[in-house]
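Below, chain A partners chain B and then partners chain C, in two separate complexes.
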Partner chain A sequence: MKSNGQLKITHKKDLSFFEKLYITEIFKGIKLTLTQVFRPKFTRQYPEERWNPPASFRGRPVLVEQDGVERCVACGLCARVCPALAIEVQASETEYWKERYPVKFEINMLRCIFCGFCEEVCPEEAIVMSKEYELTFYSQEEAIFGKDKLLVPAEKLKDRLEFLRKYR
Partner chain B sequence: MAVITIDGIQYDVDPKLTIIQAAKLQGIKIPHFCWHPKLSVAGNCRMCLVDVGNPRRNRDGTLVQDDKGNNVIDFMPKLAIACSTPVGDGMVVNTKTPKVVNAQEAVMEFLLINHPLDCPICDEAGECKLQDYAYKYSVGQSRFEFDKVRKPKRVELGPRVMLDTERCIMCSRCVRFCNEIAKKPQLTFTQRGDHVELTTFPGVQLDNPYSMNTIDLCPVGALTNKDFRFKARVWEMSATETICVGCARGCNTKMWVRNNEILRLTPRHNPEVNDYWMCDKGRLETFKWVNSDKRIKAPMIRKEGRLMQVGWDEVAAKVASELRHYKKSEIAALGSAFATNEENYAFVKLMKHAGVTNIDFMRHIYQGDEDDILIRADKAPNSAGAKAVGVHQEGTGLGFEGILKGITEGTIKALYSLDEHIAYEPRMAAVLPKLDLFILHASVENETTTYADIVLSTATYAEKNGTFTNFQGQVQRIRPAVAVLENERALNGFSMSRLDKFGSHNDRWTKGLKRDARAIWRTSSRIAGALGAKWKYTSSEEVFNEMTTTLEAFKGMSYLKLSGYGMKLKTTITKSISVPV
Partner chain C sequence: MDILIILIKIAVVLVAFLTTVAYVVLLERRLAAGIQNRIGPNRVGWQGVLQPLADVVKLVMKEDIVPVNANRFLHDFAPIISIIAALVTFAVIPFGNTIELFGQQIKLQIASVNIGVLFILAFASLGVYGVTLSGWSSNNKYSLLGGLRAAAQMISYELSMGLSIIGIIMIAGTLELDKIVAAQHGWMWNCILQPIGFITFVVAAFAETNRTPFDLPEAEQELVAGYHTEYTGLKFGLFYLAEYANMLTSSALITTLYLGGWQIPYAETFGIEPFWLSVFQVMAFCVKTILVVVFFIVIRWTIPRFRYDQLMKLGWKVMLPLSVLNILLTGLVLLFLN
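Moving on to the complex of A and B:
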């Protein structure tokens, strides 16, 4: 510990008489335990009782689906900004007015670090962070989410979309 | 020489130049859209506005000086465009004063009024002049509150070029290119004011053999490559400087690769060879076979009528024993005008070692399929180089016709050919089944490989280092852009994209397909080893360095010296060059 540029040496305080007795300290401990028993419980019975995160929560990134198609125009900015290189986008041409769409959109969830940069950079508000936090896989291949797993209707993402409009 | 002052620094420049040219030579960048060094001056984008002043002169022509003895400079009342204002002695040019910066910002604001702001969709994003300048020379705000002018999108201007009229900023580079370089006036503007539209003349398509250069010229995403549209983002690919193999011109190109797959070619500037241009055929038809499913993935030997994959040791030993088995006069060798100088050199050396004197290569001359712009009748990139390293040796052995005759008559029993589709020549296809032994270097499965007894899988021009010699004798470097099994992008000095740099082995987008194909100099060196030769090469550069000492024509060259625009062969191509064994 430093003070006035000099090293100050502190010694551990010696135990007092009652502390040395030991028995008083035991009763102090038991008292704490007993008071906790009668207080309300904090434990969440997890698999049965799930947590619903607030809108600011950054769960796994998903693609917003509107009117049956993705908003994404496959500009590739999310893939470019992704610090973990988790996103792979392959664009293609569509007859739809916006010309361009992702024929392949994959997020490697093992690489994803949930930073939310993809959401921040997206010019179309097409990729957002969802509330989903339960992600387990049996293999590396399974962890690569394609469009089938990524597309989520905009109605289900209302919370997050409103949050983004408000705070961004 | 004229002395001009640009941004306070004096330069000695050629008085025939315009301000933008003079500035470019001095490394000063003046923003511009419509100006291009090889096209006429249009002066319509107004982006290159600069503040120009000339020294005040007396009636007798002497310069007026102030009290301190400095020349008095009269600035023009308005800004002038740097692209069409010629330099003059004593001229003062300001490119960074507030007046100029204001003008640049105003021009950018005007250009962006009707330009759609859909960069996420636009293919040009990343290599777009308008996008770059919007960052450098624009305030990033628009005061325009009204609807943008809507124009047709997805207009097919020709078989290879797509136009998005809304994105066009009317710089007229493409129009001028068609008129001046391709000499085929096919494009024009119609309407007036903000309704100006780029279009083809009635009944005409943008289909000249150089039409795709307009895509490179286009400073925005108005003209796009139909073949490459929406395939990849510019920043996802690596660009390798290499040479086009479409004809003997050897246009300098950039090869754009992602996930070990070639996606497009674009021309690269070389004033000696192709200027800024390349033909559409070279751009579209010289790379797709490199990605093809028909590529030969490993060396093969024919066993019981079928080609079976074998290892390199086995195949080298087999070739060596077969070469020993036949009499020297019964063997013929064919080099290739598609192989590099180094490969042909190593092949000639191997054949010398094996005692084979019947050596030549197949010509690919298509009389009439040429023009006086770039396209040559000789459709192989290295005919001059193959001659220069001695693949064609007059007098000492049989030439191509002689070999053909020899096979027909049965005097030639074995043929060893480099990577070449020789069955494409009908006379050759007719006699190939007569051969006892046909050893072939091949990169793609085709009719020729069906006749082969031994197939040595060969790296294509996109997968190896080397040099090509074009019809002018310009020796130019090719560089590997696609990795084969024996090399790694990071370890072998390939150009790399961000994905290549940071991807790991289990990422799907970094793996790509790697084939067990090798450059011919490497295989030749190995076979020579199996034949008991003392020499061995470990790199293409090593072969080239040996060539510079043994061949007069290549004296004084090195890979480093060739890395720019290339170098001319020292002597005119001699008839016969001796290669030491």
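Moving on to the complex of A and C:
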């Protein structure tokens, strides 16, 4: 900008003779690429080196188990909110203080899209997203997780539970 | 006896050549990974040394698919042309001086053809048929475009390639490759005597082998995979093999014509036994060739692809005049020296 408000036009410098020859530039480029070979690598050697996700990570949803029973009261809100229709809950009565519990709680891990809505909607903080991301199956039946696979003791989910209390 | 020697030479060279091609693929993958700050294949065997083997097994096991409206015969035949053209050229390249084995003087060259240079040019241009026919017979627009580009590109660069070699023929006064190598004794390497011809030849060699920056026939960002889009399994493997075999042959050719072939400067004066001298010369040839191959690979991961019009402009407006200029200069210098 000049003082009288007119734009100062700057011309891009023309390529010099050697730059136009292209050959010197090729060798500059080769130097750049070859120096990269000796830089540290970004690769993670996966099965040996695993990644430990932060607390905000949404892995597979699990049911929180406290004092040997699930916190879930089988209200069915998670099954209602689940956009992928992955959850199936069947409620029944129980002797415990919470009066209701799920006889059957199933998540179809082939349907789940890891959106975390179920965790968000749950009134009892009974379903939370874990850090597990290695989900492989040999058949479709295997992919339907029952209560046996879903129940995880609350102590193991401390990270996530703290995260939820702090940031939600 | 002569036939036996030739057969043994063919077997040894073919096995060594194909093994080297397989490991050039691995070298390219590891080097490319290094340049991109990755590690590359390192799982199959120690540091991935068995990776080429695994790749071959994988390709052989795959289903061979021929598109419905493809020309079946040409579709099958095209990769065979490609691989033959790539392999045959190597037959006339001298990879060493004569060696004495079991009382026999053995020339380290499969066939000493007296028109070696012409032979190479002829077969190098045959390779384009494989590419073009595969593109045409696949009945796929991307393949066809790749094949068309290959044809135009090869014709354009064949010219400057042939013309740059003329300079060498003028200096050596022969078309035989072993004599051309013999003429490059000491530091009289042709890349020093013919810098312009060296550059034009190397650029033309890049274009002939369809390597970046001239890989327009397979330009994956625009043409899916170019001429071999419709190929699977072993036939795709043949194209893949042909690409790297071409690269290796071109490197050997550049070494032979411009980098002194198997010559080690002033090696005769070191006083080594003749047998070991021959062995060292073969090793020198291999090392030079591999270095050129590494150059090919590094260039691929350094320079982006040319646009099609730029490619044609470079071929006809820059490379062709330069190679003609090279002939003129060589002729003038030879005239004044003699």
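Assume the second predicted complex is superposed on the first by the 140 of 168 C-alpha atoms of A that agree within 3 Å, B and C clash if a C-alpha of one lies under 4 Å from a C-alpha of the other, contacts with A are read in each partner's own complex, and residues count from 1 in each chain.
Operating definition for what follows: contacts are C-beta pairs under 8 Å (C-beta built on N, C-alpha and C of every residue); 3 or more make two chains touch, one makes a residue touch a chain.
What you see is a predicted model, and the numbers here were worked out from it, not measured in a lab.
Of the two partners chain B and chain C, more chain A residues are in touch with B.
Using the contact criterion defined above for the overlaid structures, shared-chain residue A:26 touches chain C, although it does not reach chain B. Contacts of A:34 after superposition on the shared chain: chain C is touched, whereas chain B is not. Contacts of A:99 after superposition: chain B is touched, whereas chain C is not reached. In the superposition on chain A, A:123 contacts chain B only, with no contact to chain C. With both structures placed on the common chain, the touch criterion links A:88 to chain B but leaves chain C unconnected. Judged by the touch definition given at the top, the superposed model places A:73 against chain B, while chain C stays out of reach. Touch criterion met: A:43 reaches chain C, while chain B stays clear of it. Within the complex, the chain C residues that touch chain A are 31, 34-39, 199, 298-299, 301-303. Those residues of chain B whose C-beta lies close enough to touch chain A in the complex are 119-121, 125, 153-154, 229-233, 235-236, 498-499, 502-503, 506-509. By the touch criterion stated above, chain A contacts chain B in their complex at residues 73-77, 79-80, 85, 88, 91-93, 98-100, 106, 108, 123-124, 140, 144. Across the complex, chain C is touched by residues 23, 26, 29-30, 32-34, 36-37, 39-43, 45 of chain A.
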